[in-house]
Amino acid sequence: MTRTEIWVINPNTARAMTENIGRCARAVAAPSTVVTAVNPAMGPESIESHYDEALSVPGLLAEIAAGEVAGADGYVIACFGDPGLDAARELASGPVVGIAEAAMHAATLVGRSFSVVTTLARTTGRAWDLAARYGFAGACRGVHACDIPVLELDDPSSDARKVVAALCAETVERDGCDSIVLGCAGMASFCADVSRAVGVPVIDGVAVATKLVESLVSLGLRTSTRGEFAPPGPKRYTGLLRDFSV
Amino acid sequence: MTRTEIWVINPNTARAMTENIGRCARAVAAPSTVVTAVNPAMGPESIESHYDEALSVPGLLAEIAAGEVAGADGYVIACFGDPGLDAARELASGPVVGIAEAAMHAATLVGRSFSVVTTLARTTGRAWDLAARYGFAGACRGVHACDIPVLELDDPSSDARKVVAALCAETVERDGCDSIVLGCAGMASFCADVSRAVGVPVIDGVAVATKLVESLVSLGLRTSTRGEFAPPGPKRYTGLLRDFSV
Amino acid sequence: MTRTEIWVINPNTARAMTENIGRCARAVAAPSTVVTAVNPAMGPESIESHYDEALSVPGLLAEIAAGEVAGADGYVIACFGDPGLDAARELASGPVVGIAEAAMHAATLVGRSFSVVTTLARTTGRAWDLAARYGFAGACRGVHACDIPVLELDDPSSDARKVVAALCAETVERDGCDSIVLGCAGMASFCADVSRAVGVPVIDGVAVATKLVESLVSLGLRTSTRGEFAPPGPKRYTGLLRDFSV
Amino acid sequence: MTRTEIWVINPNTARAMTENIGRCARAVAAPSTVVTAVNPAMGPESIESHYDEALSVPGLLAEIAAGEVAGADGYVIACFGDPGLDAARELASGPVVGIAEAAMHAATLVGRSFSVVTTLARTTGRAWDLAARYGFAGACRGVHACDIPVLELDDPSSDARKVVAALCAETVERDGCDSIVLGCAGMASFCADVSRAVGVPVIDGVAVATKLVESLVSLGLRTSTRGEFAPPGPKRYTGLLRDFSV
Amino acid sequence: MTRTEIWVINPNTARAMTENIGRCARAVAAPSTVVTAVNPAMGPESIESHYDEALSVPGLLAEIAAGEVAGADGYVIACFGDPGLDAARELASGPVVGIAEAAMHAATLVGRSFSVVTTLARTTGRAWDLAARYGFAGACRGVHACDIPVLELDDPSSDARKVVAALCAETVERDGCDSIVLGCAGMASFCADVSRAVGVPVIDGVAVATKLVESLVSLGLRTSTRGEFAPPGPKRYTGLLRDFSV
Amino acid sequence: MTRTEIWVINPNTARAMTENIGRCARAVAAPSTVVTAVNPAMGPESIESHYDEALSVPGLLAEIAAGEVAGADGYVIACFGDPGLDAARELASGPVVGIAEAAMHAATLVGRSFSVVTTLARTTGRAWDLAARYGFAGACRGVHACDIPVLELDDPSSDARKVVAALCAETVERDGCDSIVLGCAGMASFCADVSRAVGVPVIDGVAVATKLVESLVSLGLRTSTRGEFAPPGPKRYTGLLRDFSV
């Protein structure tokens, strides 16, 4: 069986979170899949605003470029805002899947509707934008924030897991949704526990995206290069970003 | 590695087509996946109208029921109209994915837009209905018919493969779409050839649905039983359909 | 004045309900209209899931076929899921109208918005699907379940009528809707009572569909046979459903 | 059988057109229906712009007020822009139906899609607005102008009937629509001829609206007075329009 | 600097309200802009129903015609229903902007979402219609009525300002909207006070529309006369409205 | 009259283009407005892919930060992809308007529909995304590419101006649109010429955005800081982007 190399990119610089995400991806990957979990050497330590998200993209793209050199077969963007997804698709020769995208796709395969449980209230707008862009605005019943900063999710001394589980349960009742989508890569390790607690499918995008990339690779499907997503043409970049010249 | 049993159900009664579909599913399935390709003992020999489609559903549901007894882990509905999908989800304990659904999901992961190339013009309305239902009406640029009846696709003496490839190429030009979705399970074996010819991803729903079911099973995701898709309650069925009593 | 023969088909096998539906249709039909109320000899005794609905369609189509032989001018499908509507339109030479469709059309003629009051919570998804399909998703403010099984609606010893009226009144307050659509053929006989109670138009699809079919017949309008809804071509059917061969 | 009094209001001042419209309505009305065809004593002689349409409304509302005094049971607004429909619904105690609305409703009952054939190109925007408002934007495949002024349609020396029939035939081919909606009350008398020529249902809103009002009256359904469409409260009107004070 | 002449038309006949509106427009106009605030000599003294709105249009159009004679460069329609906007655009050679339109445009430039606070509940439907027409249905979180009649807003002895401010604050909490749109020209003078009270942008359409018309005029942008909005052709008008002949 | 300081930011590094953009903004600005035209010191020299666009954002945000220090009252983002708009709104205390956004808003004020004429075909997807996001997908009739690279637009020896004008004229005919939106800041100086050639309003977003920012500033309207667009919280940034720490 051919070995498939998937790079799972955490677009923030929090190394502990990257490792956690890597573990979650490896837990579901096929035996023939090698998961490489990386994060950029530059940018925000967590992504909690449009500002953070925009500034995570150069680092993310640097990782994609590194993956191309290393021969990666496909990529997961492991942040629920799916930052830089379009740009990444231009750069990568293999498929690229975002975790919000992946989770929402899976949710519509196991029920009519889903709700998202995420970190900070200020990010809910982005989740709605993504649902609309992917065609799932009608399936998305609600986006709810637990008001826990991203980096606290990992903190063993915090009660994040409990708070998230409680909000998921409350959301199922209030929204009448068929499933819950976890709205942060930092919640990936909560998935099994929360699932048991709420009685509906609970979906972690890291795991789903890993399987989707695996599937696309095995099917020989990669981003169309016909027009919009063709590799970017040669271009002079200057200043701080001069190394991004193509 | 756990063995995954996927039943790929061709909802018409054409045995040769079922075998062809089974081959296509097996070609992409993981080593640990067992594909069982079946078709109903009752109903239409091909599905080319709403009438055919509606009448394919009892046989399809009988196969799902048989799969449940046999311990199937998940199901593919291998007809591009995704007949009986909602009912099948109520009946099956594992995930159920239709091939139109699967192909459209994959198409939106490899580009902004897709067009569908299908058999008869009278079925294009159904394809649009499904695109709308799944959230992909905005991504679907066109649905085009090659005017070849379903059962002729398989006929080695027909030039179906050539006609379909030509229509796919023409569609890419006319619609400016990023990928092509093959709109009939009977075209599954054309996928690689057509792909080479048209220069954009060509997507066969049988293959994609097989990978999606595999993925959902490995992630422990199954249809939500919270409300709409809970198993149907006990009910008296009479007459010809008396054996469908739950 | 020409006699118009309308077949009102209850797609479940509950004969008492069929008679009730027939009475409601006759109460509004023109003097020159003959209402024939029928139900299939096969299938579920009530329709409360996607499974039931899918399996009601063969029997429904058999009744349409019988109506064609008997010279029916048009048909009402008297179940709020509008089961088999597309297939029935292919088979029938005259117009076919579903009661959900009919009620929603009427509701948009007497106000900006409506809400649906239906039987079981698991059927609300189907009502939303139909509203979307018919173009009325924006006009539909809510779909609410009274949690009374279909066959209990008719039971004189049940307080169904009271429960439904109370839910309608509550819905008008909560949703601010201009009218109420009764979401089950089994509620047809409640219409006048509930109407008096809630102070907004209360719409029973059986009555409206009967008038719409009458109107279409008198206008000489029937389903377009240009493409999608042309009569199904000849096709071999096998097994249990062999008699459905065209 | 109770007598039903329907006022069919042509909102322009062209008396010949009013009589023609009255004939078309009477041709389909039930024996127990009395059709009164009227037009305002003020306003534009034909409606071919937003300006004309806006200025047709006071005269139309004066006719509704007269109908109320005369005991009309319901109203048809016989101009394809459905001018003043919301205001008329506030004023009338019985149902009010516009002919664009009526025709589009009927079209969606006899097929998936329709196209509109209308008079002047500058009115096509209004037709699209109405399709969107009624929920039928997805069903409307096109709106095409024959470039014949409204009052020329009636002129026996013109070849309007031929031109309209030819445009309808061309539209069916180009748009692949299931039916044609005639986009002007002045085309009502063309309906049967054009129908024969094009092989799909051709729908005249005057006839359909007459049947819909008849149906709503016989069902006891009238505009909801719960909120938006309650009768307008007392209000001082001054100047030229002083007689419109309520 | 060229002088710009903007006519701000209050479509009701309440002169005090017109003066108030004029003051609000002048407060934001550029030094080189001359604001002429007018109201019709005919029609309703306030606009609180579809009936009032329809009957405000002839007077409004008469003011546009007067403005054209006087050499106005552009127009504001200062009623939140944007009555007669399409007709006014046909008649005016310069740009015409409605205050609902203007306020909603501005709201989408300062946040993702807005809610409308308006006068009577029966007008909320019209606000939703406008939001949909302008493309802002997705951005509009709610439309809420304070149940104060239009002419009471101006009454110094009323507590209208307080009631409106309280409803705005409540709406921000309930809807989670980024801004508030004031839904009546009669609230224009409340804008600054309410803004201070609620902590989000509060938007008065009179002020915004004045700036938009100023901007369009200075950019040389006027309504396209290519088709739909070309000047209305010559037409005979009769009766009360004979003076509207073009 | 208060002085208003508007920073017009060209997000690419082409200084000549920045100067051209500055001239176009100054040509329409009010006497009391000071336009500062800047471009980043880092990033791509032109923006012609998602990759370029993503990598233009850090430089753009650095300019916003510099503008805040310098006391800018508002900002124009002068690239038709509106890069970094959400992030810029979080960072800026005054209003921020993108030129695609501005042009589309203006287009809907002067007609029902517009089409976009842009540079490279691969950017048309982004234009459609923006139209959808801003609520104008229904108003946008088409997006057409002239296949001229951004930096060639400025080249006096190229026939860019002629090619663009010809494509605009062709687009008006083909799409039947009411106006043309120029889809690149590099076309700003073509606006007057093209306008004369095509007979419908031709809209340059640089000019419109300048007037919109001026208007918002004079109205005291700035981005809502209630939730999503509140200033980003303090956050550690590392590596190349360490200076973006808040």
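Here the chain labels run A, B, C, D, E and F in written order, and each chain numbers its own residues starting at 1.
The working rule: contacts are C-beta pairs under 8 Å (C-beta built on N, C-alpha and C of every residue); 3 or more make two chains touch, one makes a residue touch a chain.
Fair warning: this is a prediction, and the values are worked out from it, not measured in the lab.
In the CA-based superposition of subunit A onto subunit E, the rotation angle is 120 degrees, rounded to steps of 5. The equivalent interface to A-B, defined as the listed pair sharing over half of its contact pairs by residue number with it, is E-F out of B-C, D-E or E-F. Two chain pairs, D-E and C-D, are weighed by contacting C-beta pairs, with D-E ahead. One simple way to say how far apart two chains are is to compare their mean CA positions; for subunit A and subunit F this gives 30 Å. Per-chain CA centroids place subunit D at a distance of 44 Å from subunit F. Shown for subunit B are the residues in touch with two or more other chains, namely 112, 125, 132, 138, 227-229.
Those residues of subunit D lying in contact with subunit C across their complex are 1, 28, 30-31, 95, 97, 101, 105-106, 108-112, 134-139, 172, 176, 178-179, 195, 199-201, 203, 207-208, 211-212, 214-216, 218-224, 226-229. Touching subunit F in their complex are the following residues of subunit A: 13, 40-46, 48-55, 57-59, 61, 84, 86-87, 89-91, 121-126, 129, 132-133, 227-230, 232-233, 235-242, 244, 246.
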